[in-house]
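In the two assemblies presented below, chain A is common to both, partnered first by chain B and then by chain C.
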Partner chain A sequence: MSISVQLNVNGKSVTLDCPSNTTLVDLLRERLELTGTHVGCDTTQCGACTVHLNGRAVKSCTILAAQCEGAEVTTIEGLGDTDNLHPMQEAFRECHGLQCGFCTPGMIMSAVDLVHREPAINEQVIREGLEGNICRCTGYHNIVLAVESAAKKMRN
Partner chain B sequence: MYDFNYHKPGSIDEAIQLFTGAEDGVYLAGGHTLLPSMKQRLASPTDVIDLAGIGGLSGIEDVDAVLEIGALTAHDEVATSSVVQSEIPALAELASLIGDAQVRNRGTIGGSVSNSDPAADYPAGVLGLGAEIVTNKRSIAADDFFTAMFETALEEGELLTKIKFPKPEAAAYVKFPNPASRYATVGVFIARTGSGVRVAITGAAPSVFRSTDMEAALNGEFSVEALEGITLDAGEMNSDLHATAEYRAHLCTVMAKRAVRKLL
Partner chain C sequence: MVEQSIGKSVLRKEDQRFITGKGRYTGDIDLRGQTYGYFVRSPYAHAVVGEIDTSEAESMSGVVAVLTGKQVAEDELGGLPCGWMIHSKDGGEMKQPLHPVMAATKVNYVGEPVALVVAESFDEAKNAAEHVSVDYEELPAVVSTAAAQSAPDIYTEAPGNTCYQWELGEKEATDAAIEGAAHVTRYTLTNNRLIPNALEPRAAIADFNTGTEELTLYTTSQNPHLARLILTAFVQIAPEHKLRIIAPDVGGGFGSKIFVYSEETALAWASMKLGVAIKWTAERSESFLADAHGRDHVSDAELAMDEEGNFLALRVKTTANMGAYLSTFASAVPTYLYGTLLAGQYKTPNIYVEVDSVFTNTAPVDAYRGAGRPEATFLLERIVDLAAKELGIDPAELRRKNMIQPADFPYQTPVALEYDIGDYEASLNKAMEMADYAGFAGRKADSEANGKLRGIGLSCYIEACGLAPSALAGALGAGVGLWESGEVRVNPTGSVTVMTGTHSHGQGHETTFAQLVASRFGISVDDVEVVHGDTGKMDFGLGTYGSRSLSVGGSALSVAADKVVEKGRKIAAHLLEGDVDNIDFEDGEFRLKESNRSKTFQEIAFAAYVPHDYPIEELEPGLAEKAFYDPVNFTYPAGTHICEVEIDPETGVTEITKFTAVDDFGTIINPMIVDGQVHGGVAQGIGQAMLEQCVYDESGQLQTGSFMDYCMPRADDLPKFTVGMTTTVCTHNPVGAKGCGEAGAIGSPPAVINAITDAVGVRDISMPATPEKIWRAVQEVRS
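And now, the complex of A and B:
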């Protein structure tokens, strides 16, 4: 079955037809060519596909495009760009919060939502808040430092 | 995931009609069990009926001695609700322990309870608090709702609309989470109510259940010591690569003791 979906992605209105079984991440990557959002496990575990749906972090591999009718979606591409990095992106660079970089877009999208909704950011809150994102390189230490550092900048 | 017909009805009646007219229909709430099952082809419905367009299925209401939670209310909303935190804090804590942040932003209480996963957290809260499950056509007591692994008293096409939780005198939920998935290897919900202590255990057996032995002991004397020597039958427990039946039986008593300690 083909369906028509209208949604707002990174501030731009998008209308397209797609098969009903299209997931949000497939729509973003395959149709809109926003390949910053990654697919790691495709089973709702690793968090590499995390984007913001109406302002909240979600795993886009486990949402149908059809469920996003009328929604606002923000991907890593909508957060900042090379010349104008978001404070969270800048902090990941400064703190060396990545090695291979595969998990990084999802980590950053989760971390931004976490800082927005948690009144008090500390190591424990960050580690628990990022439980839905898996990194196989860093051991998480520098990711936690990056989020702590970005949280301070985002609050100023 | 196979192709399917997607529907987004605007009312409960329309949803029921669509379900009745479908060859193999399924209701979609948060989709955090359904969509992974469809990807693995464990489920391949012909028609997916998205409930998100139906008004009034989401939200939390404080009605005298009861908290009413709409079926489409996300776990995060329950976890962070000031009403739930003040009236039934154990339920807010339970919701905060489900999965991870992204899952809690999408997964819903109605979806979790209808699915009756043996390792899900909510069934322990629903049974432990003696909640009432409201559907499009009737109200079902929690004691009659969870019938078997992934099975409930819901009839074909019957739609869970909200859950009514009576406020307990006090309650606590303690779980031993699977370290990767955060599903309950064993989770114990204990409530002190006007009509006695209720102990509901999830994760351990094919379906959530009440431990009448523990309830009798705690009604006699509400203390950690009262649970000494109570061992559940390992023959009734699940066994898998995460935990043997014997280990799960052992964890039931350990988690129950911890829950009691939180209430002293």
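And now, the complex of A and C:
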């Protein structure tokens, strides 16, 4: 069955027809060619597909496009670009918070939401808050430093 | 003058695309008119394959074709080869049962591909795959590593499920030394089986152009040239000059993307057969089932000492699980990457190791970060710790007493390797200082006052990297040379394009190699672009594994850059009207000695490409040089890791309160990147020690087939790491580097287990030391 979905992605209004079982990540990657959002697992565990849905971090592999009617979606491409990086993107680079880069977009999207949600950011809050995003490369050490650093900038 | 960048933490050039979502991984690539592949996989660990009925699937909407293992056999495709011949102690060659691209007559592990469905969409391919009907006649499965040799044979050509029985070292001398020793410590251990789980699942697009008869394979590979060689020479998919392999951004490898697998190969074959582009992206459950796994050893070890604790001999008997087939480098891992490392940092005069490699009905096992060296280090650093406890000597002091000293280099071990340089005690001392080893007793007392257990554990590791001198590798059975290629192309305006045969999938080569070359030329790192991962762009190369990229690939670039400078000096001599012997090159300028005349690097580059005033009779125009660097020895990174833990005895929950790693990697180009490699390696080592375990049940079904069952290290499982360096420069490569990618995963597991057993007060807890196991051990001690 095909459905029609209208949503706002990275500030642009999008209306498209898709099969009713289309997930948000498939809509983003396959229909809108926003391939910065990645798929790293099939059990909603790794968090590589994390995007913001109405300002909150969600795993886009487990949201149906149909659930996003009228929603605001922000992906890594919409968070900031080369000329205008989000402090979290900048901090990941400055703190060497990424290696292969595959988990990075999801990790950054989760981290931004974490800083928005949590009144006090410290190492423990960051580690627990990013528990749903798996990174196999960095051992998380520099990711923690990046989020601490970005949180300071985001609050100033 | 541009600031010299060697040794500086230059931010990574590659990061811009990754942090903005502009990375280009295989799964991000779509080709016009592409179709989608989905594999039908065996649900049984061991079964005879009967009829395969594809008719229903073929009639389904969007299905282009269903190809089976039987068609692979009809097309007489070669099997997937293992690249390293190991000879048994009786001189016989290892047993190498056919590793088919897809199974035709018998399946040997759960998840083995038997058919490939090609359809116009992913959903159509996946749905149709469920309608491919395969008749299986189930056979008893062999699963246990330890019991494999007494189980029914999987292959008639491999009696006792034995692939080879290998040995290294002097048996008689070792036996005699153990026989007469004052003290012998004995240890039986398992090195737990792991699943690599790079975060990007494997993926490929095979695109055969029927007009040019060229096949392009985009794939998640750590070594695209090697994949091309294997697909051409062994599987005979396509001629080498008609086969281009592109490994674009690759989301982590850790060894698992070295190998040439069934899926990518089947895709290439199917694309040629059908004349369409086919894309396959593994679902994570497929990664669990069909990526090569790691480790999986069971061993008995004996360490003999005199009254003072001087090591006299080490005897080791290991059984190593190869899984159902020999993967690309599987045979080398428990032999030349394991047995050769058993001397560790110590002057043990007699060592003898026997390794039986066995087949089981499980996924193939091959190199995973460290590959053999973590297994050797774990065995050695655990038995040394046990010996220290038995003798009542401080574990640090027993190690110190037996360490090879700086004056001993070059040091020939009893297990084939010649260490070139190191200062092991310097790393031990620095690590003990950084970990505040001396203050441990006070911290332990504090923990005890709070009802907690506290322990500290050391590990002094060595590894052999920079694979490898080709002649030596060849003599030991390697099927390929292990040099590396590099090309330095100076463009007319003086910017530089660097081509390397190594591959970066997280290691930051685009930055490190740029620093290396930019520093040689006195130009900005921003003016150097590093290109890798495309057989259509660069010379043959061997790829990235074994922490070899900088020490071997970087050395090739260093030699190529020297050639550029040499040619530049000749051009400069002409332009400056001097003798070439009087031309110096420094800080980006060619200067004529005893004159004020000079030319910049950029001016020389321009002159090389616009040779209006040029020694054209003596020199060709252009300024691009290549080098093929063959290492003269392995490199030997080494160091000390110290883990301190606090355990809640009521729950067994363990917190790593501090993890200290002090490593000697030789010359370091970018400390930030090197620290990051250590962090990631240590995280995987802690994962092995405390969290990760691949489990098959008795029938060969994978029990840990998802991230919900297989415990990956997450942010709240790990501590911050304390990282330090000591430096002895590698003596035999022009960069002076030793390699840093695997050390963390090699050094850390025994440090963790030594700390946990120290805290609990037990002799052993097997990996992974989960809260349950630790709690049980605590209860045992208390009763």
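Keep this in mind: the second predicted complex is superposed on the first by the 156 of 156 C-alpha atoms of A that agree within 3 Å, B and C clash if a C-alpha of one lies under 4 Å from a C-alpha of the other, contacts with A are read in each partner's own complex, and residues count from 1 in each chain.
As a working rule, a residue touches a chain if its C-beta (ideal position, glycine included) is under 8 Å from a C-beta of that chain, and two chains touch if they have at least 3 such contacts.
Bear in mind the structure is a predicted one, so any value in this text is a computation, not a measurement.
By the touch criterion stated above, A:Ile3 is placed in contact with chain B alone, chain C being left untouched. Once chain A of one complex is fitted onto chain A of the other, the partner contacts of A:Val125 are absent, as it touches neither chain B nor chain C.
In the superposed pair of complexes, A:Gly101 makes contact with chain C only, with no contact to chain B.
Of the two partner chains placed by superposition, only chain B is touched by A:Lys59; chain C is not.
With both structures placed on the common chain, the touch criterion links A:Ser20 to chain B but leaves chain C unconnected. In the overlay built on the shared chain, the residue A:Leu28 is in contact with neither chain B nor chain C. In the overlay built on the shared chain, the residue A:Asp42 is in contact with chain B and with chain C. Of the two partner chains placed by superposition, A:Cys68 touches none, neither chain B nor chain C. Annotation for chain A, partner touching more residues between chain B and chain C: C. In the superposed model, A:Asp113 makes contact with chain B only, not with chain C. Taken together, the two complexes place residues 19, 42-43, 45, 130-131, 133 of chain A in contact with chain B and also with chain C. Against chain B, the residues of chain A that register as touching in their complex are 1, 3, 19-21, 23, 42-45, 47, 50, 53, 56-59, 62-64, 66-67, 69, 110, 113-114, 129-133. On the chain A side of its complex with chain C, the touching residues are 19, 29, 34-43, 45-46, 48, 75-77, 80-82, 85, 89-90, 92-94, 96, 98-105, 108, 123-124, 126-128, 130-131, 133-144.
If you check the complex, the residues on chain B that touch chain A are 1-6, 8, 28, 31-32, 35-36, 38-39, 48, 50, 52, 76, 99-103, 105-106, 180-182.
Those residues of chain C lying in contact with chain A across their complex are 9, 11-12, 14-25, 27-28, 123, 197-201, 249-252, 254, 281, 283-285, 505-508, 672-673, 675-676, 679-684, 706-708, 712-716, 718, 720-721, 744.
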